[in-house]
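To keep things clear, I will list the structure first and then write my remarks on it.
Each chain gets a letter, A, B, C and D, in the order it is written, and its residues are counted from 1.
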Amino acid sequence: MGKLAWGLIGGGEGSQIGPAHRLGAGLDGLFTFSAGALDHRPDAGRAYGQRLGLAAHRAYGDWQEMLAGEQARDDRVDLVTVATPNATHFEITKAFLEHGFHVLCEKPMTMTVEEGEEIVRIARASGRICAVNYGYTGYSLVRHMRAMVARGDLGAVRLVKAEFAHGHHADAADADNPRVRWRYDPAQAGISAQFADCGIHALHMASFVIGQEAERLSADTVSCIGSRVLEDDAMVNLRFDRGAVGRLWTSSVAIGRQHGLTLQVFGEKGGLRWSQEQPNQLYWMPLGGRLQVIERGETGLSPEADRTTRVTIGHAEGMPLAFANIYKDLAEAIRAQKENREIDPAANLFPRAEDGLRSMAAVVAVAESGKSEGAWKDARPPMFRDPAGDSSG
Amino acid sequence: MGKLAWGLIGGGEGSQIGPAHRLGAGLDGLFTFSAGALDHRPDAGRAYGQRLGLAAHRAYGDWQEMLAGEQARDDRVDLVTVATPNATHFEITKAFLEHGFHVLCEKPMTMTVEEGEEIVRIARASGRICAVNYGYTGYSLVRHMRAMVARGDLGAVRLVKAEFAHGHHADAADADNPRVRWRYDPAQAGISAQFADCGIHALHMASFVIGQEAERLSADTVSCIGSRVLEDDAMVNLRFDRGAVGRLWTSSVAIGRQHGLTLQVFGEKGGLRWSQEQPNQLYWMPLGGRLQVIERGETGLSPEADRTTRVTIGHAEGMPLAFANIYKDLAEAIRAQKENREIDPAANLFPRAEDGLRSMAAVVAVAESGKSEGAWKDARPPMFRDPAGDSSG
Amino acid sequence: MGKLAWGLIGGGEGSQIGPAHRLGAGLDGLFTFSAGALDHRPDAGRAYGQRLGLAAHRAYGDWQEMLAGEQARDDRVDLVTVATPNATHFEITKAFLEHGFHVLCEKPMTMTVEEGEEIVRIARASGRICAVNYGYTGYSLVRHMRAMVARGDLGAVRLVKAEFAHGHHADAADADNPRVRWRYDPAQAGISAQFADCGIHALHMASFVIGQEAERLSADTVSCIGSRVLEDDAMVNLRFDRGAVGRLWTSSVAIGRQHGLTLQVFGEKGGLRWSQEQPNQLYWMPLGGRLQVIERGETGLSPEADRTTRVTIGHAEGMPLAFANIYKDLAEAIRAQKENREIDPAANLFPRAEDGLRSMAAVVAVAESGKSEGAWKDARPPMFRDPAGDSSG
Amino acid sequence: MGKLAWGLIGGGEGSQIGPAHRLGAGLDGLFTFSAGALDHRPDAGRAYGQRLGLAAHRAYGDWQEMLAGEQARDDRVDLVTVATPNATHFEITKAFLEHGFHVLCEKPMTMTVEEGEEIVRIARASGRICAVNYGYTGYSLVRHMRAMVARGDLGAVRLVKAEFAHGHHADAADADNPRVRWRYDPAQAGISAQFADCGIHALHMASFVIGQEAERLSADTVSCIGSRVLEDDAMVNLRFDRGAVGRLWTSSVAIGRQHGLTLQVFGEKGGLRWSQEQPNQLYWMPLGGRLQVIERGETGLSPEADRTTRVTIGHAEGMPLAFANIYKDLAEAIRAQKENREIDPAANLFPRAEDGLRSMAAVVAVAESGKSEGAWKDARPPMFRDPAGDSSG
């Protein structure tokens, strides 16, 4: 089956989230990046889109133009990702849903509950998919936690403890830093800062894993840096709809924590612990048993886990990105050669034939030394033993 | 600038390494997968290539056909990856280099030193790039270790300690398992098993990081499982060409280790420690100082590290793959809808508008509770408070 | 200067806390165990005290007898430890203070606030020391955290996060287990279970480290196991008297956590993290810097830390207990020999002369092999090379 | 049964090893410190011994005097510990054994193999116990590893990997530091430095755990700091007498490692990993299973483990030393009061009645807040609410 067509709104040059979406959408070869309105400056957006490979007539100047253009096509995009500033999510998502497009909206989906309800109603009425990008639930072992809870490994869930605490806004001097200040300013950020930014990831993950929705909550919100109007730290106690108790801590002043999205689930029959900073291991203790380490990619995990892993057990899930760096180096090397220029020295690091040869010589030396009681052997290929022979050294 | 054209030899349906190369080559959008000879069965290879999106006339039946076909094209592939069985690497790599193609060859590059020297000579004579896929050196913090050594942070390197020890061949019952047995059989694997398979990764990484090449070595090789002719465990002592001492341990019977590629470097002025199973942290102790944790993505790292990271500090490098899983779910959901069938339940896990709405309601509840001394608030959106109103629960 | 005289009330045969106090009091040779009333059964207490080496007339039948007896002596005990059931702490502590003894009381000091205030008044009026055994604050690095806060390394403390969460009461079947049940029964345990048992350790440690006292709090207490009247899990939010915010979680149903006493302190200028399960490392990140590992015993720590460590850096603080096990083995070996009986096989594990000899032979072999390019050497002492010669093998 | 009498030779004022032996011997109350010859300066030794509580006539001036004196007594010491400089171990140990004393000798037991054999012969002939202080084998989980191997949990041991690598002699500037230099000088240290100092601990532990003795070895010894004659780093390959392969690394230039005594054992049916820096956890993976964490003190361990642990599961084994610090503070407080002087501020940190009272007030506040939907409560005892009332704040 052919690829699906994908469009992106927002994510202009220099944004962090745009490349992340292009990477995620393209990774498995399921989507072709076919249309985009990438920048609030129409010309910049059109030019950037074309640089990224879009056809000129599908590199749109704004989302309205894109909506009109795609609507008119037989091969219109199958999915639109909305990665614009938060305040615009609602109207763009609404418009595309109403015209029959599937949408993946960045979080937060809307700025108010009323807008959120309207989106839900439109999505339900239209039969279109409206997804929201709580991307951390995509981790293989998060999926497996959910499967373990669903199939009863933990019995009834008693307690879920979620944290998303980092220290990246802990410098009081940042009170004047515009890149940080707006986050704590109600005029720009709305009614909540740290909870709305990070806490909802932790809350969604807790709900996702235990299969229960929050019903009631009590919060203690504080601004540890006094000049902030909105909270930079919050503790939230929760009750979920099938009986679980929740405890959720989120902070942006926790110096020493880099990311800190962690989840612990305690049930009648066992407990689980997972952390985003070490996503390839899941700690599981059955009641009365020992702590065990579940490894991503081990045999016998749930279908939900198996479906969402691409790397064999023991490798970090990020291994393909290491791999991609070899290709990135090679692309630069090939281009430098084509353009008859020097290669970027930071890219001139890919292993080459000389390295492959040296490995072979080492293999021979190891085999021979191993057979002769550990006698020391020359580890170099013959052609490199004469110092003059190795121009690469 | 446009994408480069890329071709793949080997990596047929069901192989592990083929998808890894397609993923790596495609990740940054630098290469287009343009040609392939993917299977030793010509028909299977042609069909699979087309299913992967190759044009019919560039989905070749074997590598000779591909060599002939690509040679004849103006838009011939810029890079060919050789991911065939080890014994064929030499002739394929040689042929493509000789006809002017850049090549990325899987490890081991050749089966003998003589073949290796021939490849080096051809590559040098032709001016073509011949790279070898020691992919672990692509990790951002491995690049940074190299940069730290090169710029003198450690002073002269005294000692490098490398390990690649796992336990995946520790079951003596596997002596009869064909998927394992061939690895320890000289007729199929050559003169070395575990060192040639894993040890050379560790040795290459050691050389890469310290910027020195192995000159002499002494090895103790053993077959812990008696029925094996080739070694399943080896300890290798080394001397490098600018004075470093090396110690390298590799094993396939180390039950309890999943992957175990680790590197420690000790110099006059400090020590480093890194492990592939936790690739986002690098442990550094300057002489007389404290152990510090260098995080992938932190500001102020080397250009070599900066160039090879795609995810902000604190996230696991594998985060984009979690992200891609949301897109993978959505592709399945969209296709199921197009095909008027049920979605795969293991894919029906993407967050949706209801989740986005629930988050917004939680944000409001947190903000209100926070302002009223922690009073308990309803955390649900109004439309879900009437049980009949929430059909998604 | 001579040793001080020490007396113990409670801690009868089979108790856990009695040996811990005797170990702690005796460890540095500062106190002599001189008097005791160890059991609520007078005869059992007298007999046990004598078995532990007390003079017959100072192995008392009950605490009243001990109070009378010690009062009458010139060499009365300098310190009395009260390690009886919780409900009796108040009257015993009060009585000894009033008669001029220094007291170390197990926690909780009293069952009510009123009793607690009375003890404070008596202690103040009498000029006697009344200590309470929050023993975890004795860890060297906990003392160092306090010193770091006090000297301003963190600036003003914004937030302290304390946890004491374990899973040892997570089995619902224990609802009928008398060893667990009483803890959740108000008739026996008072008004609080998990907070009173564990939470107050965490709260005291938080106060101790930040040098601030709790002023106000809000708690969410739950009984995860429904049959319990008192809480088995609590989340407490706090405000301290010089501005710090506190968050304290305590649980006895957190399956997978063994002990879980941890403290995180976040200030204007840095953050700290410490855990009782790994007490020899303290994690410190200065604002804008890197995470560092402070090791117990490193040079340059505070006087408070230096005074409270007995083992050099890199050893676990429990090393002297490993050491003591060698002596324990030897005591058994010597006694078995004296009594002309077989040694307990579990004690027959101390290293002996043969091991010392083997080490020496290995040293020689290593030195010789090292001088001869790694030639293999016999590692055995000559006298053990003839198999008949080694009767210990 | 009464205590055994214990004597110490060496361990004078300021030594590190003397207090460690006194602590170890005294910890369980099994030995009374009864005699000593603590210093090579007779007067200093006699004075120090008396300060430590020895009777004047058993605080000897040298070991010969002690030998003569103790021989003549009916209540002579049951055990003599030899903790003098290495070169004197042989003659002292020999003399005491020959006169019928049990001896615990510090490592290395002798300077040569010949001396070692003589000690073994004397010990065997005399029937006296001659123990050697490889104290690390006293850890409870090291004992448990041995028991697991002995009872067959691992099947036949294939491979044992031992490390004792630290970085405390990594500073080349220490070449002139007399406290370090002698260790690498053959005139003072003999034929080996790092292996003789640390390596033999790791080798003994490996032998102890797997129940096999080293038969043959091959070593690569290097002096990473060029001015040293003896090795500061060694890699040793071994063959044990019942088939296990050994790999042992020891180093004193491994900057970033604090202690680094670790043991990994790989058998037919499973693998084990333990580290002295985290001695309370043992990692165990059965073949085909998951990695499990065995906790010191868990129920169901071997008798050898149970016998050698004093602290309940989840506490660090060093907890009694934290506890002892409270008593140490109290001793200082009591003495300061007796001597009418100020207490050492670093000792004025023990928890006191005010803390016990505050805890009680917090318990009440938690219970009340918990019952009233988390309403904020005053956490202070009434007597401290009036600022004037709390003189301790």
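Here is the rule we go by: a contact is a pair of C-beta atoms (placed from the backbone, for glycine too) under 8 Å apart; a residue touches a chain by one contact, two chains touch by 3 or more.
Since the structure is predicted, the reported quantities are computational estimates derived from the model, not experimental observations.
The greatest centre-to-centre distance from subunit C, using averaged C-alpha positions, is reached by B. Comparing the chain pairs B-C and B-D, the larger number of C-beta pairs in contact belongs to B-D.
The distance from the centre of subunit B to the centre of subunit C, each centre being the mean of the chain's C-alpha atoms, comes to 47 Å. If you average the CA atoms of subunit B and of subunit D, the two centres end up 43 Å from each other. Multi-chain contact residues, meaning those touching two or more other chains, occur in subunit C at positions 218, 220, 237, 291, 295, 373-376. Contact residues on subunit A toward subunit C in their complex (touch as defined above): 158-159, 161, 167, 170-172, 218, 220, 222, 224-225, 233, 235, 237, 245, 247, 249, 251, 253-257, 264, 266-268, 270-273, 283-288, 291, 373-376. Taken in their complex, subunit B has these residues touching subunit C: 218, 237, 290-295, 298, 373-374.
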